[in-house]
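First chain written, first letter: the chains are A, B, C and D, and each begins at residue 1.
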Amino acid sequence: MKFIKDFKILKNTAVSGDTFILELQLKEKLPQMFPGQFAEVLISKSKKTFLRRPFSIHDVNTSKNTISLFVKKVGEGTTALSKYKTGEKVNLIFPLGKGFNLTKNKKVLLIGGGCGIAPLLYLAKCLNENKNDIHILLGGRSKEDILETEKFKKSGKVYISTENGSLCEKGLVTQNPVLKNKFDKIYSCGPMPMLKEVAKIAKQKNTECEVSLENTMACGIGVCLCCVVETTKGNQCVCTEGTVFNIKDLIWQI
Amino acid sequence: MKFIKDFKILKNTAVSGDTFILELQLKEKLPQMFPGQFAEVLISKSKKTFLRRPFSIHDVNTSKNTISLFVKKVGEGTTALSKYKTGEKVNLIFPLGKGFNLTKNKKVLLIGGGCGIAPLLYLAKCLNENKNDIHILLGGRSKEDILETEKFKKSGKVYISTENGSLCEKGLVTQNPVLKNKFDKIYSCGPMPMLKEVAKIAKQKNTECEVSLENTMACGIGVCLCCVVETTKGNQCVCTEGTVFNIKDLIWQI
Amino acid sequence: MADLKVKIKNLLFKNPVLTASGTFGYGEEFEDFIALNKLGGFITKGTTLKSREGNAYPRMHETASGMLNAVGLQNKGIDYFIKTTYPKIKKLDTNIIVNVSGSTIEDYVAVAEKLNTLEKIPAIELNISCPNVKQGGMAFGTSCKSAAEVTRAIRKAYKKVLIVKLSPNVTDITEIARAAEAEGADAVSLINTLLGMAINAETRKPVLSTVTGGLSGPCIKPVALRMVWQTYKAVKIPIIGLGGIMNATDAIEFFLAGATAIQIGTANFIDPQTAVKVVKGINDYLKKHKINSVKEITGKI
Amino acid sequence: MADLKVKIKNLLFKNPVLTASGTFGYGEEFEDFIALNKLGGFITKGTTLKSREGNAYPRMHETASGMLNAVGLQNKGIDYFIKTTYPKIKKLDTNIIVNVSGSTIEDYVAVAEKLNTLEKIPAIELNISCPNVKQGGMAFGTSCKSAAEVTRAIRKAYKKVLIVKLSPNVTDITEIARAAEAEGADAVSLINTLLGMAINAETRKPVLSTVTGGLSGPCIKPVALRMVWQTYKAVKIPIIGLGGIMNATDAIEFFLAGATAIQIGTANFIDPQTAVKVVKGINDYLKKHKINSVKEITGKI
């Protein structure tokens, strides 16, 4: 079941120069949400933002009845969103997409690049509840891009790569030594080139691997057919058949 | 000389349910401005407002280096403007139009209907400095529409008409007994039907009369030719040849 | 409650608010948001004889007050619709209209013939205006001759209500509308998307995989209104107006310009409840203005 | 500083940023806001043989990300321009191009001939695309035959650079562009406004005195870009691109689509400094992307 609701902003917290977390409260009880699901947000104060904007559900707090979004300012819409203040309302369509398939009692690796960490925090929490052995690899261009580490540490062991070496391992996230280990499953979200590299490594090692895609979307509910990705079953809508795909179902020009 | 500048909002004060006054401060020294001139305001936080919006200069405070706008919420743009807060910036093109021609040592009547009072406050002040004998007639549908009376009283004697009789004289502003008196000049701003009635009365009495028009505008600087009014010299731009016209130059279908 | 009922030929609509092809899936996708039976009807995604994968990604780009799409008629084909989708939606108490697309007249006819037999499909919308498929689609809709040809063929093959959907990418839309009318169309719907394009200045590449795409949303409303008004003066058959309708006021404007019914397209993406809000808003408007029936305002500017 | 110079025939522009007819008066109106000599050039308000009062008020309506206008070529006529305006602006160090409008070929020719003699007017823009005047204007621009005819007549009468401004209200703009090219146009500029309409739902009347008007602003940019790209592939003469350009990124997109120069129109109303900001922004873009000359990106998608 999908909903369209106004949320109240409880808090808008700057995380870094260009990222922020919106904590959004719903009046009625939140429906169940799965990690990897997303919301389509109406940014009504942005002059140039016509369509809604999709953001992953970063965290869910059932006691406060809130969800949070982890957002990076990249354009008009996200910049306008960063200026919303406590008490203001935003309209969401949610929860959308299918989310990740959760393992139980497994050794898993979560790989997040840039703001691809957004859906991984709630994922890590849920995997933790499922008693998995959780390893989390975060990557970015420099140490300024490595965010939320403390929160991730609550659910698993954290590894870090920065391209310029300003924090921990120097190099691409996909070059991090932790990838030499054997995992039962890899979960990943981030820029396409990274996901493709992750998929390649997972394939080589024959490791189960799910990736969350961020194709541009107009509707988020499976009707515009704009967000498609080629799969073994033909073009599928990322917003309804995904956003999470098992890499074995994707036909990627790697 | 016209300018394009950011102003800082010093104060946004609700005057009534649907009117408010924006007090706007300029960093550099304000240029000289004449009563009846206006500004074109960019309402950047309104999703649906594409063009600038014209507003009369309601008041000028040279010691605070501020101007104020008296605005009525009628649509998207003005509603968005009403939500601007202290400290926020708005961009203005100003001062535009020619303004009223000021008399000296004369007996004058100012007639304002609805938010047509906007340009009259600064006019009254300037006429006062010019030692005129000032009479001010304000009209509206009901007493809720009669605003700023105390401010006007500082410059002259105030008369009031309300259509429903909830304050002072009952009836149209143009039926107010003060109009029976003889004035050297009438200044007026308000809805078109009112202005036409005022013009008729002035003509009958052979009284000099200037009216300020509010034709819809795209540019405010005389280039789009959208705001024209028929005059004895052909179509003229209200934004540059007006907004104030002597009624003897207008060809109105009265 | 004002009288919102309108008719196209013998087909009764409980109200004049439909949803536009390609923006409403096959209806089901909106069941979480609205009661479909509150709509006058809905129009399915463009459906072709064979299943189509559509164009390559990227297919979408946001523009000022609108969007470009280059979906390219991705759909599972008419047989899948008949076998799988139709049984699920046929119980709905609203008019389900199938948008029929194709690239040859034979294809169009084959789809239309299959639809003849579906009891709960009272009408088809013939899409001769899709700008996103090479052959067919828009090509049919940009000349009187080909518009007439395809309408004639479908009119022969299809017994129920035939709506022809026109392209705005023409010098004179009234010519095409008249050609469709002359060949037996029961109504025309307009407009489909304007042909547009987007470029990414940073990558120096077109944004859409197909370079050009179809422009929709409020940005095109002034053009759509103008075309409805021109067409209203040119034909006698009813007009279904669409193009950038976001709310009831927009809808009223289309009625005044000459539309008998309207469709909500891109607005469904921004607020999936738009269509039912528009139904309510039209009713409120009529009551406020003391107008008994929505039919009374068609063309009344 | 990147090389911003572009040429149309033998006419050199210091940069490819012009301002569009009808949105920039005769230049003087912008002197408080920008230094006019920073522009590649500006194009005057449409000027006709005799003075014109234009259409009745109201002439303007805001739309989603755009506006409709129905000015109807109000201007004081070519003789007034020559006697009064030209002496005031002729010292400006930028290309002043006169937009020539008319309703008969004879009128167009008469205006063009008078302009031959003005030393500081190096080019005219022939407006065969004004949607707001009954006879003439757009009618010339919507058929190849009449576009060819008027271009031929002006080409005979006018010795300097001839730019023909095309209407987007056509099925195939490349046909018209080719017709103008064949008759000796030195460049085409596109697009003029899209024909649109607005209705006031409360009064149930058209908003504009002329019912329909010309749509401009960012809402039309996707259509304009597409037409520039199509025309770039169809003709060899340079293209001046316009339609909804608000900033340097938009301008770059037009170059990539095939424009040699661009014009700023409606944006002048929102920010009278747009044109000079765009000049700076193009320079910044070229530097960032290590491109020496703006000429290099024309048509390079």
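The rule is simple: a contact is a pair of C-beta atoms (placed from the backbone, for glycine too) under 8 Å apart; a residue touches a chain by one contact, two chains touch by 3 or more.
Everything numeric in this text was worked out from a predicted model, so none of it was measured.
Asks: Could you tell me the least number of steps, going only between chains that touch, from chain C to chain D?
Replies: Each step joins two touching chains, and the minimum needed here is 1.
Asks: What chain is the most remote from chain B, judged by the mean position of CA atoms in each chain?
Replies: Farthest chain from chain B, going by C-alpha centroids: A.
Asks: Just give me the whole-number Å value for how far the CA centre of chain B lies from that of chain C.
Replies: So the centre of chain B lies 47 Å away from the centre of chain C.
Asks: Between chain A and chain B, what is the gap in Å from one C-alpha centre to the other?
Replies: Measuring from centre to centre gives 53 Å for this pair.
Asks: Using the average of all C-alpha atoms in each chain as its centre, how far is it in Å between chain B and chain D?
Replies: Centre-to-centre distance between chain B and chain D: 36 Å.
Asks: Two or more other chains in contact with one residue: find those residues in chain D.
Replies: 63-66, 217
Asks: Which residues belonging to chain B are in contact with no fewer than two other chains?
Replies: 49
Asks: Report the topology of the inter-chain touch graph, choosing from line, ring, star, complete and other.
Replies: Looks like a ring, each chain touching just two neighbours.
Asks: For this structure, enumerate the chain pairs that meet the touch criterion.
Replies: A-B, A-C, B-D, C-D
Asks: What residues on chain B touch chain A, complex-wise?
Replies: Interface residues on chain B, with respect to chain A: 44-47, 49.
Asks: Applying the document's contact rule, which stretches of chain D touch chain C when the two form their complex?
Replies: 63-66, 68, 142-143, 169-171, 194-199, 201, 204-206, 211-212, 215, 217-223, 225-226, 229, 244, 249, 252-253, 256-257, 285, 297, 300-301
Asks: Quick one: in the complex, what on chain C touches chain A?
Replies: Contact set of chain C toward chain A: 22-25, 29-30, 32-33, 45, 53-54, 57-67, 69, 71, 74, 217, 266, 268-273.
Asks: Give every residue of chain A touching chain C within the complex, in rising order.
Replies: On the chain A side, the touching residues are 1-4, 42, 48-52, 93, 215-230, 234-235.
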